[in-house]
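Note that chain A is present in both complexes that follow, paired respectively with chain B and with chain C.
Take a look at the complex of A and B:
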């Protein structure tokens, strides 16, 4: 049986994007699928074919757009590609990043006073969703906390290892002369009241036990100091104590370390017959900016394709950056491009976008997810070994 | 950092300071998480894993299917509200399903190592190229 040709391999590695359907979605690289070919697991082959490409890190623009309590050297918005890996593994990494990488979040809220208009439970929920940050090594070393459940002996003690204590105490009052101003018809709360808004920066960390040894310059705080938690009016007050624990996204979305962790397959655009002149401009308009470039028809093109003989110098559509395509399939709607263009996606090229909430860096999250998948396999293997004994 | 507010002093809660958390022996737990379902033979068996989902299920299915000795491999989540995953393996003659499962787990771990390794290299190259000397004191995984 002959080895498959390069064209055949490329064809197998493409999903077809047709006007109404997507076809050739499933992987076929299994032993026995293609007669006479060897598709058995081979670590060396995987090592040779697998590639990682970094594309962008948009942390800087993200930081510019919003006030951050974290240093600009952090990397919380990365785009990278995994090439030469199966969807099942890429998806495992994505799923683990979303729901199984642990983070610190507020879990218990003890409300001593809440006379604001936000109900206790709503207030507590809002506090839980605030993304926290602190020294990452210390966070990494934190232990799990299991709440006591009646009839179950699984509870763990509350210690400095598994619990971070935060306080929130804000009281809204009239500013000096505020009452008079209000009588005169002034309605701007900034002129009338002090502490009329409760922000995430009002959270105060109370160190206890070994936490006093955590780095001074990196306290437990909100990633975004300007998150508005509640609004108040004179006489209203909140006094709360919070326990933050380590948890995973599977338990509650507040523990998910990513805002988005997603991947898409690399789009491909094949121009089968030259598209020139006004058609080329229209073709360019079918894709997002930058995807299609307009070159001039050269004399070589004219020689190669008979129909271009009179058209030297006219614009010609050339694919410049297929990665920028959103695969809207607009090009497939127009009859003039029929049989001239083929859209597809590369089956084993996953463009990941990992946008962290700020507690961890995107690359740390990815590496952690790989580590966790390995740990999962290890755990099963240990159980299997014990079972076989 | 401001001092914690006053009401802290009326706290009655006990918080114990502990230097190191004692790591429990999880072997027994690991053993309980896996079982072989009824009707298994040497070269056809269904396994059930507790606490696993599509994350491990599909990845494991893929590496096991890559094994030429395997006739069939598939996984299912029998019920969405039960935290269980079933894995079915059938092998060709004279090949034991347990060794196939064990090899699959080993292969998966090896692939994870390759991914980590290459990811770190690509990341470091990218940031070295972007600006030299910017990232001196970054924490590594």
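Take a look at the complex of A and C:
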């Protein structure tokens, strides 16, 4: 059986990025494509080749930029690479993270009073979209709740296992002396009124049943305390009770645990002929900062390439960090780089970026997606076994 | 609901001499007052059945009924 060479394998593993088109997008490592070669799926081979790499992420800057109700040790914006995996699997994980990993979100709103300018249904919708957090083990152990639908017997009962009750009660009033201030022309609401804004931090969790045993220091609360739900003026009031249930993103986007989960393929930049001098500077400018480094031409380079013999010590473009490239293809626009650079992407190197809404950590979400895919595969296997009986 | 005065509230106010209306006013005098908001000065106005529809503060004759505390359920979708 013929074995392809390492160079051939690397060539097959690259997408080509040309000025107008992207080619070689599809993978070819499946049985029957290359005559005589064995590309049958092999778990041992996958285990040997598969790699996971973690990269520096933006969680710290994210935590600094916005006020969070979660500890800053949580990693909610992780970037990591899956290397040596097929696109079908990588995409399955991404899709499962977006639409099938369960989270807790407000589902039913019972409005007793709402004299704010936000209409009841809009208010309820806004409440639903607030990302909640709590003790993660307790959340994980929560059960599903199925709403009663007419004619369907599948409804479950509301219990402490599947329902979290939240309250919101805010009344806006004049501050002491606010009316006089307003008459004098002061218009800053902070000086005139109390409770002129309803924030997500005003949500109060009412423990019931077994929930009293949930950890004291990790109550059900909004991940972002400063989410503005409504603005009010003196005399306006909101009183409402909410039921939060577990659900999945497939049902409604509010249940999606990720702000987004996405991947991109690792870009490659191959410099085929040395780019030196002013051209090197220009070449560096064709890429985002940090992607191309400028080294100086060494005597070895001069020996290797005849045209560099006079140019020792001049700057030379070297690829430093292809991961930072946005693949703008700017380098392909300039005639001086013609035939000197080749852009591409690695077909089986997926750089994932999982931005969690805060209920779960990014890595937990990914592992959960793997577990869910496994469960699905097992279900299919069981079905097939039944079919063969 | 017994506190709801209905359409004859205005009739009772404009025509207090009617025998039927008089007895109705007597019964309702002990009942809970309904709170309205003045259309002009935004003050709270407590009205009982049979009383003239008029703001006690500014005399404005347009009053607005407040939203009740009745619960309405919404899906957060």
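General observations
Here is the rule we use: the second predicted complex is superposed on the first by the 386 of 389 C-alpha atoms of A that agree within 3 Å, B and C clash if a C-alpha of one lies under 4 Å from a C-alpha of the other, contacts with A are read in each partner's own complex, and residues count from 1 in each chain.
Everything that follows uses one rule, which is that contacts are C-beta pairs under 8 Å (C-beta built on N, C-alpha and C of every residue); 3 or more make two chains touch, one makes a residue touch a chain.
Every value quoted in this text rests on a predicted model; they were computed, and no experiment measured them.
By the touch criterion stated above, A:120 is placed in contact with chain C alone, chain B being left untouched. By the touch criterion defined above, A:235 lies against chain C but remains apart from chain B after alignment on the C-alpha atoms of chain A.
Between chain B and chain C, B contacts the larger number of chain A residues. Contacts of A:287 after superposition: neither chain B nor chain C is touched. Contacts of A:108 after superposition on the shared chain: chain C is touched, whereas chain B is not.
Of the two partner chains placed by superposition, only chain B is touched by A:374; chain C is not. On chain A, the patch touched by chain B and the patch touched by chain C overlap at residues 112, 239.
Partner chain A is touched in their complex by these residues of chain C: 42, 66-67, 69-77. Here chain B touches chain A in the complex through residues 1-2, 4-5, 7-8, 13-19, 21, 27, 30-36, 49, 52-56, 58-63, 65-68, 70, 98, 101-102, 105-116, 118-123, 125-127, 130, 134-135, 138-139, 141, going by the rule given at the top. Within the complex formed with chain C, the chain A residues making contact are 105-115, 120-121, 123-125, 127-129, 235, 239, 242, 252, 254. Looking at the complex, you find that chain A touches chain B at residues 27, 29-32, 39-41, 43, 46-47, 50-54, 57, 73, 75, 80, 82, 85-86, 88-89, 91-93, 95-96, 100, 112, 136-137, 143, 157-163, 167, 169, 204-206, 208-210, 219, 239, 241, 363-364, 366-368, 370-371, 373-374, 376-388.
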